[in-house]
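Everything on this sheet refers to the single structure shown next.
Read from first to last, the chains carry the letters A, B, C and D; within each, the first residue is number 1.
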Amino acid sequence: MTENKKHILDFTVRQNLRFGTNYALLKLMPACGELPPCEPGQFAQVLVPNSKNTFLRRPISICNIDRNENLLWLLVRRAGEGTAALCDLHEGETLNVMLPLGHGFTLHRDGTMLLVGGGVGVAPLFMLGKVLKEQGMQPEFLLGARTQADLLMLGHFNDLGTVHITTDDGSAGVHGVVTKHPVLTSGNMAHIACCGPMPMMRAVAALARQQGIDCEVSLENLMACGMGACLCCVEDTADAGNVCVCTEGPVFNINRLKWQI
Amino acid sequence: MANLSVNIGNLRLKNPVMTASGTFGYGEEFADLIDLNQLGGIIVKGTTRMPRQGNPYPRMVETPSGMLNAVGLQNKGVDYFVEHIYPRICDLDTAIIVNVSGSTIDDYVAVCERLNPLDKVAAVEINISCPNVKQGGMTFGTTCTGAQSVVSACRKAYDGTMIVKLTPNVTDVTEIARAAQEAGADALSLTNTFLGMAIDVERQTPCLSTITGGLSGPCIRPIAVRMVWQVAKAVNVPVIGLGGIMNGRDALEFILAGATAVQFGTANFVDPQATIKAIGYINDYLDRHGLDSVNQLIGALKA
Amino acid sequence: MANLSVNIGNLRLKNPVMTASGTFGYGEEFADLIDLNQLGGIIVKGTTRMPRQGNPYPRMVETPSGMLNAVGLQNKGVDYFVEHIYPRICDLDTAIIVNVSGSTIDDYVAVCERLNPLDKVAAVEINISCPNVKQGGMTFGTTCTGAQSVVSACRKAYDGTMIVKLTPNVTDVTEIARAAQEAGADALSLTNTFLGMAIDVERQTPCLSTITGGLSGPCIRPIAVRMVWQVAKAVNVPVIGLGGIMNGRDALEFILAGATAVQFGTANFVDPQATIKAIGYINDYLDRHGLDSVNQLIGALKA
Amino acid sequence: MTENKKHILDFTVRQNLRFGTNYALLKLMPACGELPPCEPGQFAQVLVPNSKNTFLRRPISICNIDRNENLLWLLVRRAGEGTAALCDLHEGETLNVMLPLGHGFTLHRDGTMLLVGGGVGVAPLFMLGKVLKEQGMQPEFLLGARTQADLLMLGHFNDLGTVHITTDDGSAGVHGVVTKHPVLTSGNMAHIACCGPMPMMRAVAALARQQGIDCEVSLENLMACGMGACLCCVEDTADAGNVCVCTEGPVFNINRLKWQI
């Protein structure tokens, strides 16, 4: 992976597509110039305007770099006051964003990649799938959500390849969590890229290890700076002890992690 | 263009804006975003005799206008610094200052001795105020005798400019400041973080793995300004102000209160370019007020 | 509906939510907006032996997530309180607690003696922590001997429940807490405000007429929670937590850290109904967590 | 003056009329119920949403109570971050407001009242003029501003009575500050009600005292609570020492004040 140069740029909100009350897909255009090079799985640190109790930037996965339109896509879940302010942005407002940050997913050229996402964690998998497809690969997707209504960007994913679905309530696809889906144990997958809630990622990692499938996960440890300065977001690794998720990750091969799985 | 340069003991800074230890890595992390050579100085992260893994995750929680951290001096040790990091950063055209931390007086002395021969290290900052380590750290900084013992030992081991970083977690910071001055400090920096704590009420657990941590950010700036004002009147050595400085205006609060220079800490996490913007702001302020030199503002508060 | 009542010494409060001295007037100011009888208690403003005009304007400046004040105990004196205010508020169905302040020990004792016969005064809160008066106030609260001298003198003069309000501007708050307990305090409240300062950089003047003032608001909450946690482990008497509590969640931080009750201060300026909302929140929290009584939460932090 | 009961109400922003870049006239409707009784010169404490560095409420003069439309008018000048957030409110957003607060202007039934306003200080004078006119009086207005563009709500004032104007740059009316205007020294005025920047109010007060004209001014001392609890906004008075501007004022007869004029 190349080391992409970090930038701090002002963006204009061109579109705020709301999915229900809890999610927003922000399409942002740089106030001037072109979007910088970004890799799938890298993230952005967003300065939240208009939020009384949000002091630090909020790390948000890069969902897409639309080079034709010069738009950065960020998919945001309304989790706290900071993300709520992002979800409520009006078109035309300005957002200060630092990007790209961290190390993303490995782009495997051998064997099939299964991209496993849960909830808002599907965001970086869209860009990963798009880039893989552009490179001639045929990624498959396994997307899990609480209900059919929580399956985000489904149309976009369908454009990229085969999409497998699970829902907790059975309202779409296989009833249950993603690890219930037979595609994970089909033996056809060489690599897994996973992003979602921690229990989901642990379950997927455990299954991958059991099945001998190469697996990367994207962590979202609490962070302050997002650039390796504060040393707050550390993850304990087998090879190097505490390392910063913001610079060594957010994507880690599960073999580096000391998860008890 | 006004004169922005200030003197900290024998050390001349091109301007009063430095970065605080533990908030700016070794500077390299910020090189994409700012020209490091424009800074008055860079205080690299707390360096100890031996490598330290720091405290377990979680180490951070956001608080109103601030954050608590409990990093616990994670660093690769002074040998690694001298062999691997120093060669990479020693040619920067800014003052490189190393923050020295330890659990025992011998630890502090060992680090000072190792740094003493490095001619591109502009100064050391003796950290007697880290709240996130079990031994040493802040415990040295909360009594006059503790401060004196560390500072006088380091004084013997280090020939260059020696800054002593004070903790705000004391009844009378001027007492500790005078003790550090008498023990040989060339300058004092204050404040380090405030000992604080936050609780996840739903889980009924502390937010930090260490229960307590250090509070920083603009939330505590009024307390830090007050302490700098008190200390600047109580000592003869230069004072370096820090604590919640987010921009040039905030920096001027400390300078007017008596600080010769300032450090930007938590601000680097929110706006990595805050230091550079502040240098411009201070320059504009001097022009606007018809002043030639930033030295005219030091302690200029009308009170 | 869970049981919200708690005991502070011999004093039973209907719930743990009180209002802090100097932030709620005599309660009457808020009667249009909330039902005062729903409160656990009202701590009326700092009352002194003689009337006080307080400090000159300006007395207030907003700071990040907080404010500095320098009111300086403006009040009409204990005689006026007893003759004019007490009769108006004594029939409220909530604990009326009087905050007692002074410049000398004799001042404190005189106010305590004047209040002692009033059977509708549920308790006194001895304020050895006001940062905004030239004499007395905080200077008593920063040493064990100072605290002990005031508290033991007041103990002789007042027979009912006596709360002692501690300052956070000390190195080791547990030391002062133990001294106050030994001198006869029935309960401890903490923290009072933090000594701070803000500067108008364009005018190069302090923002307050008194230069320094007391910092309050959510900015300092992490420090206050830490101190309450430390003190609750160090003493046997009940602790009353305050410092930047804005809502029920914040109140629970203090209770989980070991506070038996809490005081809302600066929050009353931002949301005069914050106390009442918090009582509802705590009740809902107990239901949600399957708990019968708020007493099960006191010091229940898993640490 | 009657003691009006205080209320804390949520309002919906029905209209945000911007005057240039620095002023906004907000028209607010209670989320439920009728506007409470308010007197001219009373003020509101507004909880500022969407503003990172605004902790306390902002005191804003009540500009009008439009009972027909059930609208509260607040005229806001972009002075700092808090008022900027108010000026930038979108229609449909919610604002939490405590009102009415303090004691307003005396409604004189004898002799002509001159209402002297500067900048955003004209706000309470609109309501005062409207109420006076409703009571059959014929108030006159003297409005000062930096430039013609800073004369706010002029059409509204013209509907209420004679309007005299001064501008610092002479772009409208008499060239200079309000005390340069001959109406102040015409001998026709029995009472002055004044609201504006402190230097203006001091100059008007000095002239009123010299001319023997009864004069009230509306102070805007820095305040926290706005309801007499914090004792921060005190003004030193001849009769009672330090009193709260928020409860004894904001309107004071200049005879109570210890101004050196």
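Note that a contact is a pair of C-beta atoms (placed from the backbone, for glycine too) under 8 Å apart; a residue touches a chain by one contact, two chains touch by 3 or more.
On a predicted model such as this, the values are computed, not experimentally measured, just so you know.
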Approximate Å spacing (C-alpha centroids) for the pair chain A, chain B: 36
Interchain centroid distance [CA atoms averaged], chain B/chain C, Å: 34
Interchain centroid distance [CA atoms averaged], chain A/chain D, Å: 52
Whole-Å gap between the CA centroids of chain A and chain C: 47
Residues of chain C engaged with two or more neighbouring chains: 63-66, 217
Residues of chain D whose C-beta touches two or more other chains: 53-54
Arrangement of touching chains [line / ring / star / complete / other]: ring
Chains touching one another, given as label pairs in label order: A-B, A-D, B-C, C-D
Residues of chain D touching chain C in the complex: 5-8, 47, 53-57, 98, 221-236, 241-242, 247
For the chain B and chain C complex, residues of the former touching the latter: 63-66, 68, 142, 169-172, 194-199, 201, 203-206, 211-212, 215, 217-223, 225-226, 229, 244, 249, 252-253, 256-257, 285, 297, 300-303
In the complex with chain D, residue positions of chain A that touch it: 49-52, 54, 85, 90
Complex contacts: residues of chain C adjacent to chain D: 22-25, 29-30, 32-33, 45, 53-54, 56-67, 69, 71, 74, 217, 266, 268-273
